[in-house]
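Next come two complexes built around chain A: one with chain B, the other with chain C.
Right, the complex of A and B next:
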């Protein structure tokens, strides 16, 4: 008999327990030598179980996520798509093309700006909401409101965008409302404009910010706030000197979580942006769906990947720094 | 003073909920409006729901999406649960690395993941098929399952299992009588959650689905680009309510953050 798989320390075993088992079962305790053999055998078996558990999942991840990213990196250095008898060689042209043409620079900065706007508006909208949920609402309402915020976030993206297209189109609800209120520019053309993209993105990602902010605000002890106001701090001072600094980890992680998908978005610009919807994401899609210029698409994707990984690294560093400051 | 703050707070919360739900509500309502051009005044009619049920394209793509999402949720939950079990219950070298490896697949935009998978399948000379679609969907759903199940397993009380073992239950009996019932709610929640993730996923399907096969998000995408029809409102409304129910049920088990 051997201990249950993965009991507390997993691989290490408790030799006295094993001894006891031999005694109670009445069998003769085996000699040292075979005990060692048994131990080795048991370790091997544990090792095997470990592989059996991990390999299918991580193998799939490697095959579907990590190896493709490597192949994308290789592809970004090819001069052409390897197809039929085409001569394909290694080249840096895809990257020099990107860096030498201001068109792509402008698009990149447009994508980055879109990420900034989306993040900024999300913070502005989400902060008061998170504050309301964490500090004003009674407990029994809290989780209900929390759920109400989460549901649209995990529901279908395309359904969400379709609903915005319905609302924003000419003759749609917003248009009619403005006309009713007396503004009457015959056609407003909100759909298929840059603001429509931002609206769609903010609508999609603001729940992220509400959630991360709620988590960090909820952790702040109410007595801190009470102490501040009883010592004569105005609500603005309380907010700016206590609440905001303590909620900063939430702001940072929420921002990164919104910024990254925003710069990589292509559905929102395509569907809501019309002609002003050209961004790096849509250019990448074009290379693969329309133009068959896959190596260039791969290099653009790789550049975006580098930006994303850099942002993730920065976030991790900032959060670690904050934790360090707090413990000191 | 205190009271006015409360009034403002509630008003703000309602405003935000209006922003989150308003467009969806309008969309659903317009599915019940007779006018094909979403014109007002509002005339209640079920014609678009009837039409939707005879629209073969829409029905086929919905069936594709449901079938894909069900198979993805079963396999991803199975593989992810095994991996999560290993990560929680065993200590071995490289465990932290494996756990950290789960973060990039979640944060890297799906566009990049989809494009890179397209390139790899081309490289390996595997043509786009239902299989490539399936591989991609399981790939992006897996990290979510593993992370969800890790938190689930960490929060599990182990004393019950230990009690069963010390009372003489074999590992197999312990697993089926104690461990499995304990993780079952988590498993179901993870399956619902991955169903929602796969059902929602447009990007992977857009790049990896074979010619002529479309999923529901792909169908909605082309409807927005080519022309609106209230039939899409009707089916979108149904889907929204359906996925809302899924999320609400699974959220009881999954702590989303």
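Right, the complex of A and C next:
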């Protein structure tokens, strides 16, 4: 049984790769391949191998994500953390507390705005770069440029943030550079302010945007662009009518990857934001680390989760409508 | 084909680095575990990081005396300390709660009663500390040994304030805008603001709204909030701040390191605190724990700590007397007038803690 599976696996990889090639070029794969695939599929199912293949992934998801989240969800309805000999009871207080104080909502909208700024600046920085890498540069340059994007990403978050502190501080790198160039700003007070948080977040998350944009731009067939220009479209028209709409899936998946972690961020606001560094993320962190009010921390997290899901739902609806309009 | 493989590699690397970097959390550290020989007992201590008991000389001295390996685990707040002993029973031998939190640990059965007759140095404690009611339960059993005490008051840069500081209201002075760092703790800040308003009983505030308004004003001057000794010292050394509310022991350590830092208890008073050693419930090495308590309050340990690293004020006359005449702890802190001048930390009800915490969150959120 083992060797037989081994042989057929080799065929599977070849055939699926070939399928994809056919899909991207628009032609239909020959029948032989799909029949072969069905054959392998049936054999996998019969042998129970399917379970064996799916179990590690879904088992891990259940243990590492679903169960802890469920525990936190239960915690969010408790009056206290059930450790030691404390008496706990079921309550909605953790949720009503959020709505009883206006400043929690204020912090939530501040965090949402932070997510928007981070995403927006990431797109502005990443789009031109991804465009050049995907459509202009020869292949051999790509690896080198990708390394430049990735290397800072390997370093520890704290190291990156502290190095930003050195750059942004009064008398820091930027300040000295401006003075050297003849600008004499009284004090360039960037560190410990709201803009410093955005700088730190954009630096941390921009590689996600570059990668997702690169992948979607690279997929766009060059002959479409050639066709556009041969039909007389200007450079701008080609970009706005063809390239940009086709790259939207990359923009959106990159935005989701960036928006969600940045609204919950707490290290960047804490280290770079100074007195304006209080966000919903730092309040949640306080509940877990400083105050040990896990139930309230959990309820804040779930409120944020609901807000994010709502926003994603609205976005998905808008996308569906856009697609509908385009096809009409 | 080749470039497709590259995306996979790149995305894999991204995910790996994202996972490793997001697990970093500032502040919490654990000491590395060296290899242990089998006959050596491991003695587990739960304390603040860099707070005396983990000084190299102490680890060596106590380790040699009783042939033990001392292992430290650290906490960043009293609540974290409580949670650690709640979640890991019978793991730690000794811990260092603030006296205001000792009562909570006692009521939850997290600490052992201490038979002080088994201690060599108990009698050397100053009566003020030995007789503290907070150390005892209703039956009179003792649960904590007062170790050191100090104040959260004002630390400032001696180069920027050569004439010194007498009032804590300099923190509110518009001339010092953007120069101030304050401790990110609702209890310390609310007491601090209460004292600045002239309230001598800040734990029973006359007017909590006035305290809130006072803190809102303070935030106008604040550059950033600090959470650990190391963080305050970095801000100070970089010149990002020139004054703030800080711990007496930490300020003396910073001055010893060469920072131009001075510490003063202003005319309005300051928040005083007493840290006590306690034995964890079902501690694995109870006999050793008694030896540890004796060693910690010995003048032998204290004097080395204060002279090499810098320490808060001791609880025994013997340790005070062993210090040089002009030592800050002996000449300023250890005087009876100073003790009268401070408002000591009190055990707060959960309701008050929650109310104060919400107030502080609202102040922080206003920025």
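Keep in mind that, in the parts below, the second predicted complex is superposed on the first by the 228 of 328 C-alpha atoms of A that agree within 3 Å, B and C clash if a C-alpha of one lies under 4 Å from a C-alpha of the other, contacts with A are read in each partner's own complex, and residues count from 1 in each chain.
Going forward, contacts are C-beta pairs under 8 Å (C-beta built on N, C-alpha and C of every residue); 3 or more make two chains touch, one makes a residue touch a chain.
Worth saying up front: this structure is predicted, and the values here are computed from it rather than measured.
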Touching partner for A:136 - first (chain B), second (chain C), both, neither: first
Partner chain(s) touched by A:145 [first = chain B, second = chain C, both, neither]: first
Which of chain B and chain C A:37 touches, first, second, both or neither: neither
First, second, both or neither for A:45, with chain B first and chain C second: neither
Partner chain in contact with A:291 - chain B first, chain C second, else both or neither: second
Contacts of A:323 with chain B and chain C, given as first, second, both or neither: neither
First, second, both or neither for A:241, with chain B first and chain C second: neither
First, second, both or neither for A:86, with chain B first and chain C second: second
First (chain B), second (chain C), both or neither touched by A:275: second
If touched residues of chain A are counted for chain B and for chain C, the larger one: B
Footprint overlap on chain A, comparing chain B with chain C: 81, 150, 154-158, 169, 171, 207, 211, 215, 267, 270-271, 289
Sites on chain A touched by chain B in the complex: 4-11, 46, 50, 52-54, 56-58, 60-61, 63-69, 71-72, 75, 81, 125, 128-129, 132-133, 136-137, 145, 147-152, 154-167, 169, 171-173, 176, 203, 206-207, 211-212, 215, 257, 260-261, 263-267, 270-271, 281, 284-285, 288-289, 294, 297-298, 301, 304-305, 308-309, 312
Chain C - residues contacting chain A, complex: 2-3, 6-7, 10-11, 13-14, 17, 20-22, 24-27, 76-77, 79-80, 82-83, 86-87, 108-110, 178, 184-185, 219, 222-225, 238-240, 357-358, 361-362, 364-367
Chain B residues touching chain A - in the complex, by the definition given at the top: 5-6, 9-10, 12-13, 16-17, 19-24, 26-27, 30, 37-40, 79-80, 82-83, 85-87, 89-92, 98, 101, 103-105, 107-113, 115-120, 122-123, 135-136, 138-140, 142-143, 146, 158, 161-162, 165, 171, 174, 193, 196-197, 199-200, 202-203, 206-207, 216-217, 220-221, 223-225, 228, 232-233, 236, 239-240, 243-244, 247-248, 251, 256-257
Footprint of chain C on chain A - complex, ascending: 81, 83-86, 101, 103-104, 106-107, 139, 142-143, 146, 150, 153-158, 169-171, 189, 191-192, 207-208, 211, 215, 218, 267, 270-271, 273-278, 283, 286, 289-292
